[in-house]
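Chain IDs A, B, C, D and E follow the sequence of writing; residue 1 opens each chain.
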Amino acid sequence: MSLHPTDLTSPHMADEQQRAGEAQVLTSTPPALELDGISLAFREKRSSLPVLQEVSLTVKPGEFVSLIGPSGSGKSTLFHIIGGLLQPQQGRIRMHGRDITGERGHISYMPQQPALFPWRTTLDNILLGQENAPRKDAAASSRSVSERERRKEALQWLEQVGLGKFAKAYPHTLSGGMQQRAAFLRALLSPQELMLLDEPFSALDALTRADMQQWLLQMWEKNRRSVLFITHSIEEALLLSDRIYVLSARPASVVHVVDVPFPRPRREEITLDPRFVEWKRTMTGWMREEKYKLDDNINNAEGVHKNTSDGGVNHYE
Amino acid sequence: GNPPTSQQAAPAAGTSTSTPAKGLKDVKVVLDWTPNTNHTGLYVAKDKGFYEKAGLNVQIVQPGSGGADQMVASNAAPFGISYQEGVTQARIQGVPLVSIAAVIQHNTSGFAAPIDRGIKSPKDFEGKSYGGWGSPVEEAVMKSIMDSDQGDVSKVKIVNMGNADYFTAVKRDIDFAWIFYAWTGIEAKLRGEPLDMLYVKDYSKSLDYYTPVIVSNEQTIKNDPDLVKAFMDATAQGYEYTIAHPEEAADILSKAVPELDKKLVLASQKWLSPRYQDDAAQWGVQKAEVWKNYSDWMYERKLLSKPLEVDKAFTNDFLPKR
Amino acid sequence: MNLKGKHASWWKSVWPPLVAVLFFLAAWQGAVSYLHIESWLLPAPSLIVQEGMAQSALLGAHTWATIRLTLAGFAIGTATGLLIAIVLHIIPFLKSALYPLLILSQNIPIIALGPLLMVWFGFGVLPKLMVITLVCFFPVAVAAMDGLTRTDRVMMNYMRMSGASRRAIFMKLELPHSLPQVFSGIKIAATYSVMGAIIAEWIGASEGIGYYMLLQKSAYRTDLIFAAIGIIVTLSLLMFVIILLLEKWLVRWKPDQE
Amino acid sequence: MNLKGKHASWWKSVWPPLVAVLFFLAAWQGAVSYLHIESWLLPAPSLIVQEGMAQSALLGAHTWATIRLTLAGFAIGTATGLLIAIVLHIIPFLKSALYPLLILSQNIPIIALGPLLMVWFGFGVLPKLMVITLVCFFPVAVAAMDGLTRTDRVMMNYMRMSGASRRAIFMKLELPHSLPQVFSGIKIAATYSVMGAIIAEWIGASEGIGYYMLLQKSAYRTDLIFAAIGIIVTLSLLMFVIILLLEKWLVRWKPDQE
Amino acid sequence: MSLHPTDLTSPHMADEQQRAGEAQVLTSTPPALELDGISLAFREKRSSLPVLQEVSLTVKPGEFVSLIGPSGSGKSTLFHIIGGLLQPQQGRIRMHGRDITGERGHISYMPQQPALFPWRTTLDNILLGQENAPRKDAAASSRSVSERERRKEALQWLEQVGLGKFAKAYPHTLSGGMQQRAAFLRALLSPQELMLLDEPFSALDALTRADMQQWLLQMWEKNRRSVLFITHSIEEALLLSDRIYVLSARPASVVHVVDVPFPRPRREEITLDPRFVEWKRTMTGWMREEKYKLDDNINNAEGVHKNTSDGGVNHYE
């Protein structure tokens, strides 16, 4: 393969137009999630590690948005900020127009590590999200159902992801992929409208993964919850998303935004579509480009280059 | 037989002696509790060099809450301070303690109450609360002296007050307690908290027992009578000096144990000095009838499981011949 | 089959301590008779048992009194310890402020405290319960506080981000996560509780094994003192085993190590 | 700047307990004068300080003796506790066998043990060190044993599969993993160590704060008893703080919780 | 996509012939690792969960062998057995002809979860494998080098995987992918000749992953350590391996063995080779087939079908 930055042959639309469209939507319904110039650096004793640099992104209500970027760039950190775990040093987070910077409990969350509770059975673990959610969210999703019904429902979900037999098993007896599926269900069953999923399928084999993707797609198409999705698979991002944000290496900033042009409902077959393949190649090229920059950075000693500004974001459709 | 360990751990007891100063023999005396004017004679004898003259290097040791008896009986230390009730009960259990001198001739203990309780005679105990340590001996003693006054001991409320002292106890719930006048009574006087004192010896001859006494063990007496003799010789001198010079003796005690309250020591010493020997021919003498009376009294009240072999419990043999 | 298996494993966990204790007693008995240690200094186990049996009715009554006191005091003490740990954990300012006072509470000698307690609270059961509480709460509080602060970071992050309330974080994460450590503290407290009751009885009681010991002490009945100690130790062991079983049941999710 | 920051954070962790202690003393002082509590029952802090100062030379000497005893006993006790925990952890059979004896060791009342120790080990420092050791080793041993068995399973699997020796597993995984829990135990032991020294001095000593207390008790000097208690508490706090700093330094890898 | 079991159009060679070849090799040099009919079931209170069923496989000295199979089939469990953590209920494990069933310390191991030690810095963590190894292995790889040299070398390795800056950082400050790379290095630096790698690259983005693959390939081609490799990526398996064992769903048994026919040295470009693509399709088909069987199993209630026997293994080249 010899993909190079110059290989960018994919169609793209002028930024301005897209921006205008977004602005229009904004006036009608405020976005489900809006990050506005988020910056963050981790401080150690003497040094400081800039991780996020003016990251802005938008998830409209019912939209499926993916984040893609090199390992260690700051994707999980961004989730932590959205979830209110970390305070950004700059920038605001808005949800449906309301500033929620630093507030917690507004999201359904699947962490990168499964983080199942060892003293809870699988079933009790996946119910945890519902238990945790602030009351209003629980009410909003009409969760006045009885405890027993909820358990029954959860059990059905478990069966669908192939864990029915393990409802009463403790997490340490589950395989890596099984734990990941349980953590995924836990997020899925959380009542909050916006889901943050951090590499939900990385530990699954190709087929289980495809199943889970299809299943997520179908559910999403039915319920239209807003989703922000971290993945390392460009194919997965293209298959599932309405829009993809490509992040640079650390310090992460948005270098490309892709509005995925494929129609819904999408099925796995779409991956064979030449346009799909073309997009995949293009995006791989971008990633490679970022990678080179990173390598250069490393070679130019540890100096941190601020080589992309907000204005430098490329927006495509 | 003693455990072999005791020999090596307490060289003072055996024949081997470490000699820090001109061949003096190390000897330990274990007190019954914290140092007080009952022990002044020991401190004086040490301070005045009586022990040194007798070839002894005496170390005065404070015991734990356990008292001296087990340590003396096991020969961890050859001498100690105890009291007649203890030696009596101990000997019944086969503990080889022997009393070798009475520190005070007559029992100076009794029941005391703040004067506002109006306890003037044993009959007044009725309906009052007594603070003690829960021993059946206490009740028996109380019964004895109340019987002589037509009192009914069952009308006394007996409370176990643990390690609370007289002054604390009488401020709440407790009306009277059993004290040694020489210490607690004097302290009350110094504090200006007058009390009524009913000496037990005044109500029953059987209860005029020796408290405290100096004890040794059968092994030492048998194997090393010279040591006992030398020790008692010097100790008697110490007490005799204390009898003669109460103020100086008090000073010696206060200097040896600077933590003690000087005023209390002095007042206590002045009260106690004439009472060490009292009506006896010489300091330290014990009478067989005192031992017999008390042990019989106890045996009658089923406080002892068998009568005491009185002649084995004490001896005057080591007192200096005066 | 299954029952038999359970039986066998039960037996397997019971025989080593049993053998050790029997061995210990045998060594003791042997030493006493071989070295001719006098019974007023250290009585032989056989003598202790024999004399203890002779007084079994009396000992039984005193034991029962001590058991009641121990259980009540241990329950109050452990609850107090947990409560203190929880409150101080939830309000970190209080924790840093009050820790010295907790340590202070462990350093008031009974000889000073006993009289004060009696004067303030009389000679009833209250001051005794306070003494046991004072003995028991501290290990529980320290261990629980330490356990509660050592929560797994990844799980904590999940709880926070998913909007769990402070209460839910405590109940569903911190508390279960700290249970093993809390139980360390409770085990220590359980061991101390009986001794705490004995000490409480020393500062003033008219029944109980502690009281009985003092009486036997004044009667120079070393054998009966040791009979009392035997009972104390047995009670302590029972307390400990109960806590151990409770721990096994509550922390059953933990995979066995090998 | 940095230094100032360090200074500020140091101050921030010091003032709450300081304020709490001062508040406690003030309340005490106030209660005593307001309720007219007599000084032989509960002396006012001001009186305690005043009388204590008057005897400062004497108190200083006794304190020094107690400090030496405490440090030696605590060191031996903690080391013994760790050693026992390690040996019993490595040989599980021994653990199940000897645990009852450990509990037994905590239930021999000093009034029975004291004379025995003195008879066997003389009047020197040895029986005293044994008493402190007996007090200190237990919380350390229990906490350490619990900590050592709760090792993370995934890390343990890695160590085993990669062929780590029993020794390496212990040194590189179990021990560091159990450190937080071990320190819980050591903190409890540190708190008890001074009290242990006091009790040791009660069973027979001619110097030390414990000895001093007994004398003042027999002289009915409540104020000086409380001066001694003040010293005991201060020593305990010092021990605790030293352990806390040691823990901070040794367990510095743990991310701070918020 | 419509791959079906009947689509199997890839070339394959008769079993017998291959077997004979293997036997020959066996007589000359015994295999680095040989699993012989390994079976294992996890026992819960009442029930029993059969996980491995007569799994046999061989890794010849210097060979790179991959394991591929559905999530939860028993791959990690197989590693635990090889590593001596679990005793198989049936079967033996031989290493260079010697029976090592239940013995520990013969392998360099990278677990599925990074399992970095939180109290060690990244650098100290990656040195752990060397510290742990039984003395003889350490000696064999001429590890009489000084502590300092070893650290220096480890630091160089760290830099190569992009963690140079984080040598002194504690694991909890590393991102998921960074932790995985550290765990990988730890295994790589372990002196034992046979490496077991359990999904070493699952948390990495496509490019970092490709880098790591290339890097592993180059190293392996230089040193020729024997490798047993679990992955969910068929592409990865084909790219790296000499042979691939395809496992069935739980209870896992070997259903296919593929001797990968591509010549060495291999570079990433090989993935564009039509034969490569064909193989990928074929294997995806097999996986799908297994998947269907599993689904059938689930639908046929929880009854465990023993539908493959040792003789049923298909062997291809």
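Everything below uses one rule, namely that a contact is a pair of C-beta atoms (placed from the backbone, for glycine too) under 8 Å apart; a residue touches a chain by one contact, two chains touch by 3 or more.
Keep in mind it's a predicted model, so treat the numbers as computed, not measured.
Listed by label, the chains touching subunit D and subunit E alike form an empty list.
Rounded to whole angstrom, the centroid-to-centroid distance between subunit B and subunit E, based on C-alpha atoms, equals 85 Å. Taking each chain's centre as the average of its CA atoms, subunit A and subunit B sit 87 Å apart. Centre-to-centre, using mean CA coordinates, subunit A is 52 Å away from subunit C. Chain geometry summary: the mean Cα position of subunit A and that of subunit E are 29 Å apart.
The multi-chain contact residues of subunit A, meaning those touching 2 or more other chains, are 113, 172.
Within subunit B, residues 3, 66, 70, 74, 165, 168, 171 each touch two or more of the remaining chains.
Among all residues of subunit C, those that touch two or more other chains are 41, 111, 115, 119, 153, 217, 222, 254-255.
Those chain pairs judged to touch are A-C, A-E, B-C, B-D, C-D, D-E.
Subunit D meets subunit E in the complex at residues 152, 154-155, 157-165, 168, 172-173, 176, 251, 253-255.
Against subunit E, in their complex, subunit A makes its touches with residues 1, 42, 44, 68-72, 76-77, 112-113, 162, 164-165, 169, 173-178, 181, 199, 202-209, 232-234, 268-269, 271-272, 284, 287-288, 291, 294, 298, 302. Considering their complex, residues 3, 5-6, 9-10, 28, 33-36, 60-66, 70-71, 74, 76-77, 165, 167-168, 171, 183, 187, 191, 257-261, 264 of subunit B touch subunit D. Of all residues in subunit C, only 35-41, 110-111, 114-115, 118-119, 122-123, 202-206, 211, 214-215, 217-222 touch subunit B in the complex they form.
Across the complex, subunit E meets subunit D through its residues 79-80, 83-85, 104-109, 111, 113, 115, 117-120, 128-129, 131-134, 137, 170, 172, 190, 192, 196.
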